[in-house]
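Here it is: the structure, laid out below.
Labels run A, B, C and D following the written order; every chain starts at residue 1.
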Amino acid sequence: MGEIRMPSLGADMESGRLAEWLVAPGDRIARGDVIAVVETQKGAIEIEAFEGGTVGRLEVAEGQTVPVGAPILSLEEPAAAAAAAAPPPSGAPAPTPEPAPAPAPERVSQPTAAPPAPEGVPQPAVPSPAPAAVEAAPPSRAAERVRASPAARRLAQRFGMDLAALTGSGPEDAVVSADVRRAREAERQAPTPERRAPEAGRARGLDLAEMRKAIAAAMARSKREIPHFYVATQVDLKAAADWLAETNAARPPDERMLMGALFLKATAKALLEHSVFNGTFEDGSARPGDGVHIGTAVAIRGGGLIAPAIHDCDRLSLDALMARMRDLVARVRGGGLRSSELTDPTVTVSSLGDRGVETLFGIIYPPQVALIGFGRVTETVLAVEGAPVVRPAVSISLAADHRVADGHRGGLFLRTLASLLQEPQSL
Amino acid sequence: MSLSEEQIRSVLVEELGRIAPEVELDTIDPDGDLRDEMDIDSMDHLNLMIALHQRLGIAIPEIDYPKLLTLNDAIRYLVARS
Amino acid sequence: MSERPKAEETTLEAGEDFTASRPHLSRAHLLDLLHQMLRIRRFEDRCAELYTYEKIRGFLHLYDGEEAVAAGAMRALGPDDWVVATYREHGHALARGVPMPEIMAEMFGKAEGSSRGRGGSMHIFDRAHNFLGGNAIVGGGLPLAVGIGLAKRMRGEPGLAACFFGEGAAAEGTFHESLNLAALWKLPVLFVCENNQYAMGTALRYSESETAIAKKAESYRVPAAAVDGMDVVAVEAAARSAAHAIRAGGGPQFLEAATYRFRAHSMFDAQLYRDKAEVEQWRAKDPIARLRGWLEESGALHAQDLEEIDSRIEAEVAEAVAFAEAGTWEPVEDLTRFVHSAAARRR
Amino acid sequence: MSGMRETTYRECLREAIREALQRDPRVFLMGEDVGHYGGCYAVSKGLLAEFGEERIRDTPLSEAGFTGAGIGAAIAGMRPIVEIMTVNFSFLALDQIVNNAATLLHMSGGAFNVPLVIRMATGAGRQLAAQHSHSMEGWYAHIPGLKVLTPATLEDARGMLWTALEDPDPVLIFEHVLLYNRSGTLSPEAGPVEIVKAAVRREGSDVTLLAYGGSLFKALDAAEELAMAAISAEVVDLRVLRPLDTATIAASVAKTRRAVVVDEGWRSGGISAEISTRLMEEVFWELDAPIERVCGVEVPVPYPAHLEQASLPQVPEIVAAAKRTLGR
C-alpha cells in the first residue's frame, strides 16, 4: 500500500489547505492524474499523483490544513505491484527485502485526521519515481491513439489543448484543425466570469494577503542570505523585432507570438551554455538544475506575483513556449496551477513588460541562484557601425548569487543571451 | 459582413471585461490609453486581439495596433474594418 | 588556380591551307605529322601510368595505334569546322588543338579541366575549338554532327562537321538515320569511321553481316572511301579530298580508316578476345614507326630532329601533368551549377 | 472583355509557331509529317506553304536522328522546334534527349548549352490503344537538365512556345490529344507567358485539386460538382512538371489542408508520387487528411472506349477522393 503526502511546492511552503478532492475511494488513478486542489499562499494548486493505484482512503477532509509531508491519501494497490507477476504465495518474502517504511512521516508535527496504517503489516515498498522520470514519461498510450491530422496536432500544441478531449470530424473521425479551432472557440465562449467588485482583491483560489506575506518572507530570506551581484546590458532588438513582425504578419491573431517567448527561449539557451546560473544553492553547496525550468513571473491583477515553472524551456519550440506562457497566464489569473509547476523552477525570469521600467534589478528567489530581468522595449539611440541609429532595444539584467559565480561570468552570460537574440530565426 | 457600432462596442466591452473583470468600464476614460486605464499587459492585449478576430472576423495586423490604443479609437477602427 | 602553360599550337597554324584538296608533303609538314602522333602516343602512355597511380579514374580508353587517323584527318579541318568524337577522343582533342594541360586536368577531374572536371576522360569539350566532345554512347554523336551540318547550311556559314566513330556504331540505328538525313539534306558532314576491328571485345565479323562499312554508306548515296588508317599521309590525303568535296557543296562524305588499338579497350580488360600474334602483326604497322622509317630512309629525319621533338613533347606532357596536379577541386556547393544555363553563367 | 475571339487549342499552337518563325530566323520546325501532311494533329497545317521546306522540315521516321540533329543544330546556333508525333515515339529518341540534350551543358562544364524545344502529343482518350496513348511526361520530369511544360489552357498553348524558345536549355512541351479541338475565347493580345509557375485556376478553401494538361478540365468539372455539395475546391494547374512550382502548390494545400493529385500517368513512380512527397516535405504539419491520388489504372491503355475510359481518371473519382479528404 502506498500513500500520497502533502507535497512541498516551494521552499517557502510549510502547509497547505486541502480545498477540494478530485478523486474518491475506489477510483483508479495513474501517475500524473490530478487528484486534489490545495490552496497555498500562492494560490490554488492542483496536486498530481506520482504513483498509480486505487484510492483507498482520503486521509484529509476538504477544508483541512495539514503540514507538508503529511499523508493525505492512501493507495490500496500500487500500480507497480499490480503490474508485477502473480502475488507471492503466503509466507513468501515480500517482493522487496526492505522493511516497511515507518507509516507516519517524521515531519508530521500534529496527528492527521485519519489514523496511520496499522503497524506491523508488511507493506511492499513502493519505489517513488524520480522526478526526472516523471518529466521524461512518454505520453500515455491513450494519448498516442488519438487520431488527429498533422495540422490539428500542431494547432493543439500551439493552443496548449488536449487532442484526446476533442471529437473528430475528419476522415475516419480524425480530429482535424477545424475541430481544434471550434473547441477553442467554445472554450473562449464559456460564460464570462462574474464581475467582481474591485475591493474584493482576490482572484479565484488566491489569497492576496497571504501571498503578500509569502513574498515578504521569501524576499527577506533572500536579501538576508544571498550575497547578490547585479550586471546589466542593453541589447539591440532590431533583428528580433523584425523577425517577430514578419512572422506575426503572416499569422492570424491566435497564432501570433510575443517578444516574451523569444526572451524565454534565448534565456534558456544561454543558461545551457552558462549552467552555473541554472540551479540551487542550499546547505552550502550548489546543485545544478535537472533541466532548464524557468520560473516565469506573472503579475496578478490587483497585486501579487507568482512565478510558476515552464519546464524544459530549452527544448520547447517558440510556438510551444508561447502556448505554455499563454496557458500559464490564464491559469495564474483564473486559478488552477499544478503542483509540479511550483516545486522546481531552476531560475526565474521577470519582465515588467511593455509598460514597465527600463531596467529591473531583481531579488533572487531562494534557493535559486539567479534571476534574469527584462525591462521595457524602447526606441533607443544606438551606435551601429559608427553611426547613431534609432533601434528597439531592451535592458537585460542578471541578479546572481555571488557564492556560485562572479560578475565576469555574469557578463559572459548576458553576452551569450544578447547574441542569441540577434538570430531569432534560430531560437 | 457589416456590423453596427453598437454591436462592436458591446463585443469590445464584453471582451475587456473578460480580461480585466475588476475594472468598472464606465469609469474609464474612453480617450485614454487602455493599457494604462485597465492595466493591460502584452498577453492581455494579444488575447483581446484574438477575441476580436474570432468574434468579429476582423484580423488586426500588428502594425495597426497603435490605431486601437483607446476605447474610442478601437471602436472607430473596428467599425471601419467591419 | 595555377596559370596554364602556353599550349603547343600545332595543326591549325601550320601555315598550310587546310582547304587544299591534297597534302603538301614538305619535310616540315611530315615532321609535324610525326610530332603530332608522337605527342598523342606519349600523352596516352602517361595517362596509362597515371591511371595506375589513381590520378585518373573511371573508364580510360587509349588511342595508341590509332594516332594516324586523328593526326591525318585533322589536317583537313579549319577553325570554322566542328568535331564530334567518341569516348576514345584524347587523340582528336590533342590533334584539334585543345590545350594538353586542360585535357590532362580534365582527366584528373579538376576544375581547370576543359570540361571543368565534369566529364573526365570520355567527355573532353572545348567551345574555343568547336570540339563537341567525347560522347560515350556508341553512335550518339552522329545525329549531333548532322544537326551541326544542318545549322551551317541553314545559316549559310562556311565549314563542316567532322564526326569520328568506331565501326561498332554501324550497328546502331543512329548510324543509318544520320547517314540518310545527311545525304537527304545534302549536309556538310564528314563521317570518319575508325575501324579498329573490335567493338569492345566483339570482332566485326561477329556483329555485322556486311563487314565493309564503306559499302553501307554508299547505300545511302554517301560517297565513301576506305583508307589505310595506319598511314598518316594516306589518311590526310583521303580526308582532304573528302573535305574538299564537302566544301564544294556536294553533301556528306564517308571515310573508313582501317586501324588497330595496341592497348586494351579500357584499363580493365584481359584481352581474351584477341591473339597476341594478331596484336604483334598490327604493331608491325605502327603508324609512327612507319612514318619515321620512311623519313629516315629518305634522309629527311636526323637523330637530332627526333631528340628535339622528344624533348619538346616530354616538356609539354610534364607541364600538363604539373598543371593538372596543381589544379583545384570544384567546390561541392557548385555541384548543381551546370544543370541549367542560368546557374552555369552565374559568377 | 471586348475583342475576345473564338479559337482552338490547335490554332493557338499554330499561331505560336507562326509567330516564332516570323520573329526569329533561327527558328524552324522539324518532324514527321509536319510539312506536306500538315502535322499528324494538323497543328502545322498551312505553314509549309507560308514558310517553305527549309523551315517546315519533313523528316524520315528517324526519331533519334532528327532529335539528335535538333540538338546539334541548337548548339550550332539555330532554334529548332522538334515535333515528335506522340510521346510513345519519343522513346526512340530517348537516348538523344536524356544522354545528350539533358547532359551536354553539365558534361561540358557549361561550354555547350542546348536551346532546343521538343513538342509532342501525349495522353489517351481517342481509342488509339497502348502504343499511342500513354502519359509519360512524368518520366521526363525526372531528368535534371530538362524543363517539362504541360499547357492546358488556350493562353498557355499560345504563350508557352516563345518563352520556351528563349530558354537557353532544352524544353519539352506536352500537348494532350484531347485538347487540340478544345475551343474558347482568347484575347487578340495574348502572347508569351512565363513557364515557371503553377496557376490557381479556381479558388477554394476546403480541398486543393492538383492537375495538369488534359486532366485540368476534369478537375475543374469536379470542383463544380463539389460546389453543389457545399465543398469549396481550389484547382491548381501545375503547368510546369519540371521544375515543379512547389511554392504555389504548397501554399494552396497549406490553405485548404487537403489535396487530391490528378494524373493520367500511372500511380507507381509517377509525378503524383513526387507531388505527394513534396507536400509531405513542405506542409506535413498543415495537413488535415492523407493526400489522395487519382491516377491512370496500371494497365497499358486499352482500345475499346469503355475500357479506355475506365483506365483514366474521371470526374466522379476526383469528387469521391476530395470528399474522402473531408471525411465524407
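Note that a contact is a pair of C-beta atoms (placed from the backbone, for glycine too) under 8 Å apart; a residue touches a chain by one contact, two chains touch by 3 or more.
For clarity, every value in this text was computed on a predicted model and none was experimentally measured.
Engineer: Using only alpha carbons, which chain's centroid is the nearest to the whole structure's centroid?
Structural biologist: D
Engineer: Name the chain whose C-alpha centroid is most distant from the C-alpha centroid of chain D.
Structural biologist: The chain farthest from chain D, judged by C-alpha centres, is A.
Engineer: Contact counts by the stated rule: is the higher one at C-D or A-B?
Structural biologist: C-D
Engineer: Between chain A and chain C, what distance separates the C-alpha centroids? Give it in angstrom.
Structural biologist: About 78 Å, centre to centre.
Engineer: So what's the Cα centroid distance for chain C and chain D, whole Å?
Structural biologist: Result: the chain centres lie 41 Å from each other.
Engineer: So how far apart, in whole Å, are chain A and chain B when each is placed at the average of its C-alpha atoms?
Structural biologist: So the centroids are 31 Å from each other.
Engineer: CA centre of chain B versus CA centre of chain D: separation in Å?
Structural biologist: One centre to the other, that is 52 Å.
Engineer: Between the chains shown, work out who touches whom and classify the graph as line, ring, star, complete or other.
Structural biologist: Contact pattern: an open line, chains touching in sequence.
Engineer: Per the touch rule above, enumerate the chain pairs that touch, sorted by label.
Structural biologist: So the chains that touch one another pair up as A-B, A-D, C-D.
Engineer: Within the complex, which stretch of chain B touches chain A?
Structural biologist: For this pair, the touching residues of chain B are 14, 17-18, 20-24, 35-36, 39, 41-43, 46-47, 49-54, 59-63.
Engineer: Write out the stretch or stretches of chain A touching chain D in their complex.
Structural biologist: Residues 149-154, 168-174, 176-178.
Engineer: Once bound in the complex, which stretches of chain C touch chain D?
Structural biologist: 82, 84, 113-119, 123, 125-127, 132-135, 137, 140, 142-152, 154-155, 157, 161, 173-174, 177-178, 180-181, 184, 336-342, 344-345
Engineer: What residues of chain D sit close enough to touch chain A in their complex?
Structural biologist: 257, 284-290, 324-327
Engineer: So in the complex, which bits of chain A are touching chain B?
Structural biologist: 185, 188, 192-198, 200, 245, 248-249, 252-254, 256, 258-260, 299, 301-302, 325-326, 329, 353-355
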